[in-house]
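Once you scroll down, you'll see the structures, which are given as structure tokens.
Heads up, the next two complexes both have chain A, just with different partners, chain B and then chain C.
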Partner chain A sequence: MAQYTLKPDTSFTRELQEAGGENLKRCYQCATCAVACPFAPANAPYPRKEMVWASWGLKDKLMRDADLWLCHNCGNCSDLCPRGARPADTMAAARNMIYKELTEPSIVGKWMSKASGLPFLFFIPAVLWLVVWAIRASYKGHWFPRAADGRIVFGEIFYGDYTIDPIFMITFFGACFILYRGVRKLWSMFKPEGELLVIGPKKSWLCHLVAVLMDEVVTHRKFDDCEDGPITGKGAANRKFGHMVLVYSFAILAFVTAVVAAGHWGGKIIPAIEIHTPMPLTFPVKILANIGALLMLCGLAALTWRRLAQDRANHASGFYDWYLLSIIWLVAVTGILSQCFRLTDALKPAFVTYYFHLVFVWMLFAYLPWSKLGHFVYRTAALVYVRMYGRS
Partner chain B sequence: MAEKIGVYFDMQNIGGGLDAEALAAQTREKWGELVSVVRVCPVLACSVEEIKADISAQGLDGVLLCGASPRAETDVYRLPAQVEFVNLREQCALSYKNPDGSLPDFSGGAPETLAIMARDYVNMGVVKLQKSQVPDSVAISGIRRILVIGGGIAGLTAATEAAATGYEVVLVEKSGQLGGAAVNIPVSSPLGPHWTDKQSVDLNAKISAVTSNAKIAVHLNTQMETLSGQPGEFKATISTPQGPVGVDVGAVILATGWKALDDKYLAPMGLGKLSQVMSAAEFGKMLLAGNVSARRIAFVLDTTLAEDVAREAVEGAADEAASEPETPATEGGAEKFVKEDLESIRHLAYSNAVNSVGMLRLANSVCEQTNDATQAFVLYKNMTVPGILERFYKKMQDRLGIMMTKADVTAIREAGGHLVVECKNTLLGMDFDLDVDLVVLPTGMVPTTAKDAVVRFDYRQGPDFPDLRLFDGFADSNYICFPYETRRTGVYAAGCVRQPMTMDACEEDARGAVLKAMQCIESASHGVAVHPRSGDASYPVFNFVRCTQCKRCTEECPFGALDDDEKGTPKPNPARCRRCGTCFGACPERVISFANYNIDQIGSMIREVAVPKDFKKEGPRILILACENDAYPALDMAGLRGRAWNPFVRIIPVRCLGSVNAIWVSDAMSKGFDGVMLLGCKYGDDYQCHFVKGSEICAKRKENIAETLNRLGVQPERVDQLEVAIDEYDKVPDLIDGFVDRIMDMGPNPFKGM
Partner chain C sequence: MSNAILVVGGGFAGLTAAIEAAELGHDVYIVEKTPWLGGRVAQLNKYFPKLCPPSCGLEIQFQRIRKNPRIKFFTQAELIGLSGCKGDYTAKVRLAPRRTAAHNVDFSLLASALTGETDSEFDLGLSKRKALYKAMPFAFPDRYVLDARALSKSDMARVAGAKFIEPAEEVREIALNIGAIVVATGWKPYDVTRLTNLGAGSVKNCVSNMQLERLASPFGPTQGKIVRPSDNCAPMNVAFVQCAGSRDQNHLNYCSYICCMATLKQCLYLAEQNPNVGITVYYIDLRAPGRYVNVLEKVKARPNVSFVKGKVADAVQTEGDRVKLTVEDAVRGEKLTLIYDLVVLATGMQPSLAGEKSFLPLPLDEDGFVAGGEEAGIFAAGCARMPLDVTRTAQSGTAAALKAVQTVKGR
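Let's turn to the complex of A and B:
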């Protein structure tokens, strides 16, 4: 009787190994990991099955697996794995493969998958902002101009209305569009062959989205569940604190950006709400922005420390992990430094730092769909999906 | 006969409020001159010098030590006289409970029942010594030459190791070249640390180490013709191309290895039918020659398909045999030896561990050669990797091209130029088909002893090892602790003839067997047993005057120690003997005895127990004959752990239940005992008997005893055999109490008081 014919793909296994799952072949299917995982559902728990799919190079199975996103990468499974197969890293590697393969154009995914692609990634915004700088400098007649009142104003070179705002809006909405397509593709991949029947009351995906954001972002409740997993006997720095602080700082900075944008563009219609940049240090929005920046540093420090302190035998940090941490570090540091240089009236360092700040911010947002930060969207989408179909 | 006995009481080890002084006085009074010294020592272990002084001053020829179990501290008492122990600690005071089952109160001294029991045991000890002698020596010179049969990896290792220890070696190889199965395996699974990588076998170096060694004589194209005599002085006749040659050797190492299972057994999986299906051995040769071009290879360890077909065939044959009339027995019934062919599909399952390791090695090699362009699927039912080879497994598993899963392989079929392997119940959570270019099947390892009587013993019990069917032809004898032992003393099996094993294990096995062979020759030259009663100098002595030549002893000896002449008179070979006493248990005329263990001795001990006439008031008496290898230690452990049993039983250790002679039961019954319990080890397929057959033989004899008892009007249920394993100390008190309860229900022995 003919049945499903398996098509193992060794090159996929090799790619997974390179993307962080280097020890995945060591798994001997004892399922300690599936027992250790505080989230794994009783029915077809993970990551045991993902490990054998990975070992057999079953790309189809693994890429279509919604369970990849249920995992919050606490690492309990890796700590308890008797073979040092690092299931947590393998799950992360599989997610990295999704960042790489799901999103078009895939060339970016290739650059993003290893350090050798970094120059390309850096080159694009570096040139972009240098061109902007050059054009404005030729218009102003000076590479490092001061404002009329002698202050350092970045807008003299990187003028909001014509440079920063349009470029970032295109970037932002472009990324949103790419992510939207990615999410659609992900959902269609999750869908099993045939019909899915949901028994019981159904809620709209919006209700599920709100619930997911409550759990994952607002309260970070899921992280508590991770920490409450089985005792592994291994010391692990608290992940919830760093992640939560970082997410909150992002939220604050997003809010600040929105307020400033609303003030700037809205001010053109309703002068009463107009906000001029640079804002004075005592301005409430500025205070909030600086609080956000400091929180970001705290969160980054906590998460970086955690990665550095991890047990190397059971956990590895790959290019995807370090890229994301580094780019946020660079954004935060260049942002804060450019403000400091501006306030201390160091003209040239201020502009140079600000230029780099723009380069890194662009990298952070433009490459978001292919970077580990994509988990913000893909995981949310996957969690909404599984909630809609009752696997959670 | 011990005629001057010293009795020593060990105060430190006699608990239960027993009055040692009173026991001593009783002993002195009862035995008079026989016990020329009776002492009560505060700590016996500190009085060893004192005892030695008594021995030389008083000329004692027997020493009776009353205190701890003989198993407790025997080593302390190495004395120049016969030594016996009376177990007043574990099996008397510590295991005592009142007849009504209540806990005893020792504050007012020992209860009367306990004192009576202690007195019985001391008296039994005295009479045991009285009836015991120092055996005469049967030491022989012991030829320091070892015969190694088989020139494979195990044989070569054995020869080298034995020669390195100073022994001469005669190596006999059936074929025209040395190396055996290793000739086709130049690179094997790991042979040593770090146990992670396959390793070159370096066979040529091993062969030249043997051929260049002056102590080793190699005979190629040579087989065994006969082996006669006994350990230390075997006479082997080997049939060399130049004709038969006689060799005198001290011990034999059997390393004749294995033959591949017939391809027909794997035909249901396509072997011999589909060109892309081959055995592991064949694939190995192809890989060596560099002829493997397949890029998708299934290594199938699950052979259920073939096993099912074989089972159906066996069942079908059984039905057929049942419907057809039996073929008449061959005429004349001449006792011509016909070797039963023991090759079967089961050898495939036994070889699973070797095949698991072997297939991992082959899969790894082919992946390595193609830089993982090959996909090697390992489909197993049981991935069995012995011992430290787990490290090898880990390394192999890490190989990119190797994919493993547990799977039921339900079909292997051809489809358009390639093969399809159907898998069910896999670890991948689904049933699937695999398209492959090649299927590699395991090789069944059939021991040479399953096909041939390799050693060709010139023994009364025949040229082959007995009961090989039990082990599907493997030259094993189920000794967990003594792996190389066969059922023929002085012949030690090593390598795959004993059990399918990887090459590193063969080498280790060979070394172990060499150690046993040397121990055997040394023991023979000291006239002592080699195993399992190592160092025992006693041996069976025959009083031929009364022998009726009934042949029971020669037939029942589990080790074929006794030959006989044309008339049937037994011919003992002490060096073959393991001193179990099965022969004297069998002898209806009671003509066989050991100097320190015999029918009269145990009979006298039984008669020495004071059996009261009043069953109701003074309780029954029940005799336990306990196997000293399993039951006796279990009883000791029960006592040490505070488990008590009925105080009306009296325990006598026996070397083996096989040595229990029916006369002892009659002795007990006529003495007035109400029941006899035979407490021995488990028997059957997974027997635990140190002497292989003891408890099984005893169970058979018990049926005859039951018949006799029935005739005498005694309920046969009064005699029962119960099985206990050495670790079942927690169950043995309940076994005893249950038996006593049954006896109580039956009432007193009708012979009591007669």
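Let's turn to the complex of A and C:
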């Protein structure tokens, strides 16, 4: 008989515990969690197997596990867990480890993993935008200049063509590139050793991506399906409303940004579609932008309230969770405040708030691959992968 | 000052403690809440270690009580106050009215003529009983009880003129002077309605292990035939759900110790009645302590019994009143959804004192087990202290009696 010696990696277990799975050692493998989860498939269901891997520190197995991403963290398993081992938090902790280690430069992942890294994360964009501000101020001769017509125009300092747009484009495409590499790596990790045979017609990953987006992301179907598990007897607010509102607000704001960018750059070629910022409040794109901002606040409020109201005994919120919620809060609040200050003609507060707005927006996007927000790419990638290979 | 000992609870631990203390020459009072002595053991079909019927062990205890003038027992009695200190306690006891004459009268004819019915506590809701009833044939004291609340209008007229019945009997209170107390308040089956994911008691053919004891008992609701409560048909496949509420911080945060053995025993009941019945036991760990491992081996050797490691976490009613279970076989890593005729929840034991108002000045641990009190001359025995089987309950009853005796010795 073949012998296999298991080498437990206690340091990895400790790392997982620090990343949010602090109770994972309490698990006694009763397998309640695998039943509690309505998504767990009949064959090799999760999260019991992940719990034993975590307990033994089997990093390789855990990191290669596509099931981590099938989990939508509804918390049924933690509610029913007889030991308070919090499998849902352990799954989340394992995902946090992937955010931390999947992509280079790994130093960002380290900073992003705990509160002590925050100053570094903040420092980079803070200096970046301060330098931009200083250069433009020296050019304008004033730290808080007004436009020729006396209005407050943020473009006076943070001029689109040479400062905001190039920096954000580099940031955006840089993040995209890092995410692309992350997804490639993730998929290669998911692939089991040897050949994987798929019987039946195969579709390209693109078809599956469209299916995932239309079937799951747009409808947020799985947030409801999560409720189909056994009755836990514990009240937990469904995240669907908050999450969906937030996702749609992101979509609206992304669309607005794209329209404004197209109007700005396209306007240089086709003057008819040119959009000037700041847009008047009654301009349709501006109306849409403000609707997006308000939706963002609603979604954030719902999700934050849900987290605060959670039963602490069964559900923990860690640094990754609070970082993501906080950074989106900061982006939304500074964005809305900048507009308010601009419209009420409060010159200095307007520029200072707008500066912070830029800092936080940059943090949100530049660090996306290492933050919990990365789930929107990595989870989607994993969902596409499992569709390609028939597991769902 | 008093040499007498009060025993709270007339189950196996209490009876043993009382008899042991009385046979050492002390006056003993037993205070029992229900109308008869015997406690949970009396409800069983058979019990460990010899798998004999409860009458076998209890009959000896009842004999010893009958023959010992030092033991006085009060049934339908509850402790409602305790004052004084170690060596000199005054216990106030409330006696609920029995409403029948103080000697053995056979009311079976009158009882069967009554129309009012209510759920039988003794059969754990599996049958109905009349207002005038005796829960078991070997009941001790061998007396009927008249439950006035269960009387219908016509019953009242019928009972009013009957001989040896006193419908107007009042509640009485008595005071007992004692030196030490043995607390043998025992246990209650964990409330299945709290097991939300296991149907919360609303799934028809999902019974608790104690209910199965009643079904298997020759004096039970089905005269010992194990059938489905919904249609009285014999089940062809049965599942046992171990740790239903035990070893679970949301319910009982400890191992109830007896449920694994109870399930093995019940597998034998089923196999005895129908060798072809398919049985699956779903467990986290099988705990067969000490020599009980022989019983485990015996049951494992049976062809139609299989054991699956994995805790059932979902039970719902499905077509034909069958029960659908979902469980992960943790060894194979497969999630199974299976349908059974009958499902038995191996619910654990919760100490009777848990969540109850008690007049005993006793520290309880977070689960409701007695944790201390010995310095005050109060000694816990049996399942009031920890989950135990009958053998060890008897041992702990003896131990408590010995401690109680030492407390009052020489006064």
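Methods note: the second predicted complex is superposed on the first by the 387 of 392 C-alpha atoms of A that agree within 3 Å, B and C clash if a C-alpha of one lies under 4 Å from a C-alpha of the other, contacts with A are read in each partner's own complex, and residues count from 1 in each chain.
Note that in this section contacts are C-beta pairs under 8 Å (C-beta built on N, C-alpha and C of every residue); 3 or more make two chains touch, one makes a residue touch a chain.
What you see is a predicted model, and the numbers here were worked out from it, not measured in a lab.
In the superposition on chain A, contact of A:V35 is made with chain C only, not with chain B. By the document's definition of touching, of the two partners only chain B reaches A:T13; chain C does not. In the superposition on chain A, A:K49 contacts both chain B and chain C. Of the two partner chains placed by superposition, only chain B is touched by A:T5; chain C is not.
Once the two complexes are laid over each other on the shared chain, residue contacts for A:K25 go to chain B alone; chain C is not touched. In the superposition on chain A, contact is made by A:L58 with chain B only, not with chain C.
In the superposition on chain A, contact is made by A:R83 with both chain B and chain C. Applying the stated contact rule after C-alpha superposition, one finds that A:S204 touches neither chain B nor chain C.
Residues 28-29, 44, 49, 83 of chain A lie in contact with chain B in one complex and with chain C in the other. Within the complex formed with chain C, the chain A residues making contact are 28-36, 40-45, 48-49, 80, 82-84, 229-233. Residues 372-373, 375, 377, 394, 397-406, 420, 422, 427-435 of chain B touch chain A in their complex.
For chain C in complex with chain A, the residues that touch the partner chain are 194, 196-197, 200, 243, 247-251, 284, 309-314, 326-330, 333-337.
Taken together, the chain A residues at the contact with chain B in this complex read 1-6, 8, 10, 13-14, 17, 25-26, 28-29, 44, 49, 52-53, 55-58, 83.
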